[in-house]
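Some structures are shown below for you to check.
Consider the two complexes below, in which subunit A is the common component and subunit B and subunit C are the respective partners.
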Partner chain A sequence: MAQKITIEPVTRVEGHGKVTIHLDEEGNVVRSRLHIVEFRGFERFIQGRPYWEAPVLVQRLCGICPVSHHLAAAKALDVVVGAGTGHGLSHTAEKVRRLMHYAQIFQSHALHFFHLASPDLLFGVDADPKIRNIIGVARVNKGLAVQGVMMRKFGQELIQATAGKKIHGTGAIPGGVNKNLTEEERDAFTKGAAPMNPGAMVVWAEEAIDFFKQYYKKNREFIDTFSVFPSNHLSLVRKDGALDLYHGNIRAIDSEGKVILHDVDYQEYFNYIHEEVRSWSYMKFPYIAELGEADGWYRVGPLARLNTCTFIPTPLAQKEFEQYKANTIGKPNNMCMHTHYARLIELLHAAEVIRDLLNDPDLQGNELVRRGEKKHEGVGVIEAPRGTLFHHYRINDNDQIEMANLIVSTTNNNEPMNRAVNHVAKTMMTGKKEITEPMMNAVEVAIRAYDPCLSCATHALGQMPLEVSLFDADDQMIDRKKKG
Partner chain B sequence: MERKKTIVATASLAGCFGCHMSLLDIDERILSLIDLVDFNKSPINDIKNFTEYCDIGIIEGSCCNSENVHALKEFRKNCRILISLGECAIMGGVPAMRNGIPIRECIEEAYMNSPSVKGHNPEMILPNDPELPMLLDRVYPCHEIVKIDYFLPGCPPRADLIYSALEALITGNEMKLPYEIVKYD
Partner chain C sequence: MSTNGSVIRIIIDGKEYLSRSGVYLIDVARENRIFIPTLCNISGVKPRGACRMCTVSVNGRYMTACTTPVSEGMEIKTNTPDLHDLRKAILEIMFVEGNHICPVCEKSGNCDLQALAYRFQILVPRFPYSFPKRTIDAENPLLVKDHNRCILCKRCIRTIKDEQGRSFFAFRKRGHKLEISIAHHLKDHLNKEIAQRAVDVCPTGALLKKESGYNIPISERKYERTPIGSEIESLKQSVIGDQ
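Let's turn to the complex of A and B:
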């Protein structure tokens, strides 16, 4: 009897995504799909708005990493106002933006690790969902929970100091920033009482890596074999190949490390990256144009970034990077669960960048905005916590937005997340008449490794609820299981 | 004897999760909330999971599709107090900017006209699978669908405002609303 299984990893309530698995009469997995059921229509309704609204308006796409959207839009509009890309801004403007961005990376990665990953590591993925959250962590290991909360707070306050608000700030404007960082504002961080200072944050980030490495030592098989599949990897990299989350060129490599996009200028991203539309999801499927839809899909985010970059330009993170690379003998890492490891190395890198940047006197400079010859079109790309984020705007002679195109980080990971779910379904559901508990857990863990905004947010305060429904050939429900 | 905890349920409808993130921005106070509030019941639980009547339901986001409406009605049925948190819940917010535009134009812009799709979607595939919920003709604020008891403004509402409101509702004391914590942006 042919069956259809529906899993709603995040529930009907918020309507962000669900999974369906189709079995044939022998119980083999025919296909599985991760449906993204949310659509808002930003690309159309932004048309006609004045361009300078974009950085504050479009960030309302996502309250989890609004700084990334704020800055990607501002970078696109830097081009429009003639300030050029990347290094065309004043030192003050670029560094204030970098500080804002790395603060965001820091708080987002900390949130993910402490609120989302640490409960799994402490209690195991099979533990009672009631305790598998930050509050559960606080009950058994208050120190760890406090650390997580304070690291997030540090990042959020730094965002407030540079952007004006913790969420949906206004600091970046086309051509620069609207304020610098005053000495008093700086001192509040550099001279902050422990642990609220950059030095303490570096130490805590190192401790988080140690925590993970100890877990890795004990659970090597799970971490190295869960949902492993080859893929291409894509991210921005600095001119010299360094990890740079604010600016760079697009580099993509295949699963063996062969370069397939060789540091190309993102102003022409549309020549290299196309998107496929599939009728069953509102989220499009990007792919590298030259390789086509079947082979051109890629991963983005921490795992991809540590695969594409050559080195990390801060010493402590570089040391960890070398150790991490040794696990795959320098080859690209295609192990899904290593994303957590990579994310923590970036957390440490962000802490180091913040510490160094805060001592830079350019932050107190007074040249905030640069303008040049106006253009009608601009592209802004940034490495958001979850991966590469593209913003593209075209304006008319009245300064109104005429066209907007957005490829967000989680969209870039659409195909990989679908592959991960398919991998789990094939391994664990083949020949099964009933939905099994380990399968439910595995789907949740597989999706969460990519840290799609939905999983991060739902898990922040509680758990990721799952609902699985089993249908027979006539679409009649014959079994149903819930967790969470 | 353990005091009975206040049960809080939350939902994110058509929003950006920023309001939920702002709730997290109460920082270390979240650790002291443990003693007063049971969040386990549902930050973002499935509506059908309501196994007990909740004291407070917090709604972020507006209603842009049929599932949002369904979820909101379930929250009303299962919560004694319902709060519209943030501009989307209160007045539709940024998603409601599509209200003057035919929904077909929004869909075509995203799936046919965008520079990374244009010319690469010859069959003109649009998302239309039965698994996808039906989009509404326009985006509705929550109080146009169900009765809402409290409105907390801001995009997002500041953490202090959310905390102050929760504290007042939990303890039964009057809500303190100093000028500095009520913002509308």
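Let's turn to the complex of A and C:
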């Protein structure tokens, strides 16, 4: 009898997402899907609002990486107010925004690694969820848990200093920023008592990479084989090919490293990226237009970024990057669990960028806003912690938003997450009639590698609530299991 | 009976004060460091008693402090539990009968309505939200009118006038559709300076200056520096009140 299995994680952030796995009569996995409730409402209810409200309004769709939305919207509106793309702002404005953004990357990556991923790495993905959580980590490795909390705090305080608030600030406005970083504010970080200073954060980020590398040495087979599948990769890169999380052109490569999108201007992203709607999910499926729906899907996020960029423009992260690249002999990395590794290299890069920026006197400059010839349309793209984030606005003659299109990181990773779930389901469910605990854990781990918002809400204490329902060919539920 | 301008004695919250007859009660209170909340009142502009926030008890009767001139022997209570609850209810009504989304409003931190809600510690209104369907009118090149946030206080109508005393703003439509409009015959005279005055006089985010917003960083906004009422409560006692 054909069966449909539903794994339903109940979450607080995106409504809820659920996994369904469809078995044929022999118990083989025929397909699996990750269903996620998306944010389409925002694109609708922002219509009619004055354009300058967008950076403050749209960031409300996320409590986890609001800075990314705040900045992506502000970048789109820089174009509208005639300040141009990227480097059209004053040095002060661009650098204050960069500091805000790298602080966000730093705190988000730290949160993900220490709070969400480290329990899996310390205890193994099969471990009892009762100990596989940050409290469990604190029990066996207090130092690691404390570092996680302090690194996040450091990033959050930098966000507050630049955006006015830790969550949902107002620092970026169309054409610039509303404040610089005063000397006192800067000194609170640069002269902060250890460990709350940028130097200590760099050291801790290095230690986090060492922790992962040790784990990798011992668990090479798992890390190199869990949910591996070829894909295209997409991100922004700087003009010279460097990793740049705030600004750049869109580059996409295939699984072998061949360039598919050659550093194109994101103002015209819609010529290169299209979005497909599928009836069973609220979340759209973006793809590279030229390759079509079937082959054009791509990954975004840390793994993709370290595949597309040519180098990392800070020395310590570059050294780690070279070692990391050696694992695949310079080829693109298609191993899902290496996302954690890539994320930590970015964590180190962010720490180095923050340290250098804090010493830059431009942050104390007074030219905060620039404007030029007004336009009716603008696109802002940024590399959010979880991947490329697109904001696109069109305004009418009265300065009201008449069209908004957002492609958020998790949406870009929609197909890869589906593939990852499918991969796990095929490996672990084929020939089985019942959902096993390791299988449920594996699904959770595969999704978490992409760090979609839902994982944050559900795994903070290791309790991803799962509901597993088993359906027969007639869609009748014949079994149900719950956990969390 | 006292004549206008003569010195009189009144009692506010059990304490005796000297004042001049005919002065509005709200001004006497202000001079004597007593804060009576208001949304529609502006010093120096003829009061209307529109919002009722300044309701006080005068000789046992509820009256609006902004429209009541003081006279000899008045016994006034400004802050009984009943009055507090009445004012809180008025605020709550304003919140539920418009669409006030403070977290994204650029007036946040500078908004009288929000500041009073903080002062009155409103968490959840006791009345159901009505979520009215209101529009944003952005046709004017200098001003945006967000009807979602208008509390119909008439401050703009009463204050923003041309040299001949004609109002730049007026009400149009009726009943629950009543809304603020820019006087058609004057709209071409509305310049940047007048627009800024209108934005400043509006106690909410209903009038917004075009193409600029969120310019004041969080923590430097008006009511973050000086919570509403504190500027009155910390004023020096007036000479007359000290006697």
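The rule is short, and it goes like this: the second predicted complex is superposed on the first by the 473 of 484 C-alpha atoms of A that agree within 3 Å, B and C clash if a C-alpha of one lies under 4 Å from a C-alpha of the other, contacts with A are read in each partner's own complex, and residues count from 1 in each chain.
The rule we apply is simple: a residue touches a chain if its C-beta (ideal position, glycine included) is under 8 Å from a C-beta of that chain, and two chains touch if they have at least 3 such contacts.
No experiment lies behind these values; they were computed from the predicted model shown.
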For A:H168, using the defined touch cut-off, is the partner it touches subunit B, subunit C, both, or neither? Pick first, second, both or neither.
both
Have a look at where A:Q267 lands relative to subunit B and subunit C in the superposition and call it first, second, both or neither.
neither
Going by the contact rule set out at the top, does A:N327 touch subunit B (first), subunit C (second), both, or neither?
neither
Comparing subunit C with subunit B, which touches more residues belonging to subunit A?
B
Going by the contact rule set out at the top, does A:S255 touch subunit B (first), subunit C (second), both, or neither?
neither
Once the structures are superposed on A, label A:Q364 by its partner contacts, choosing first (subunit B), second (subunit C), both or neither.
neither
Now for A:Q400: first (subunit B), second (subunit C), both, or neither, which partner does it touch?
second
In the overlaid three-chain picture, which partner chain does A:R60 touch, first (subunit B) or second (subunit C), both, or neither?
both
Going by the contact rule set out at the top, does A:N219 touch subunit B (first), subunit C (second), both, or neither?
neither
Under the contact rule defined above, give the subunit A residues that sit at the interface with subunit B and also at the interface with subunit C.
57, 60, 165, 168
If we count contacts the way the header does, which residues on subunit A are in touch with subunit B in the complex?
6, 8, 10-15, 18, 20, 33, 35, 37-41, 43-47, 57, 60-64, 66, 111, 129-130, 133-135, 138-139, 142, 145-146, 149-150, 152-153, 156, 165-168, 269-270, 273-282, 284, 286, 392, 403, 405, 407, 453, 457-458, 460-462, 465, 467, 482, 484
Once bound in the complex, which stretches of subunit C touch subunit A?
103-104, 106, 135-136, 138-139, 144, 208, 210-219
Subunit B - residues contacting subunit A, complex
10-25, 27-28, 30-31, 34, 39-40, 42-49, 64-65, 67-68, 70-71, 74, 93-95, 97-98, 101, 103, 105-111, 113-117, 120-121, 125-129, 131-133, 135, 155-156, 159, 185
Could you pull out which subunit A residues touch subunit C in their complex?
48-50, 52-53, 55-57, 60, 81, 163-165, 168-171, 173, 178-179, 398-400
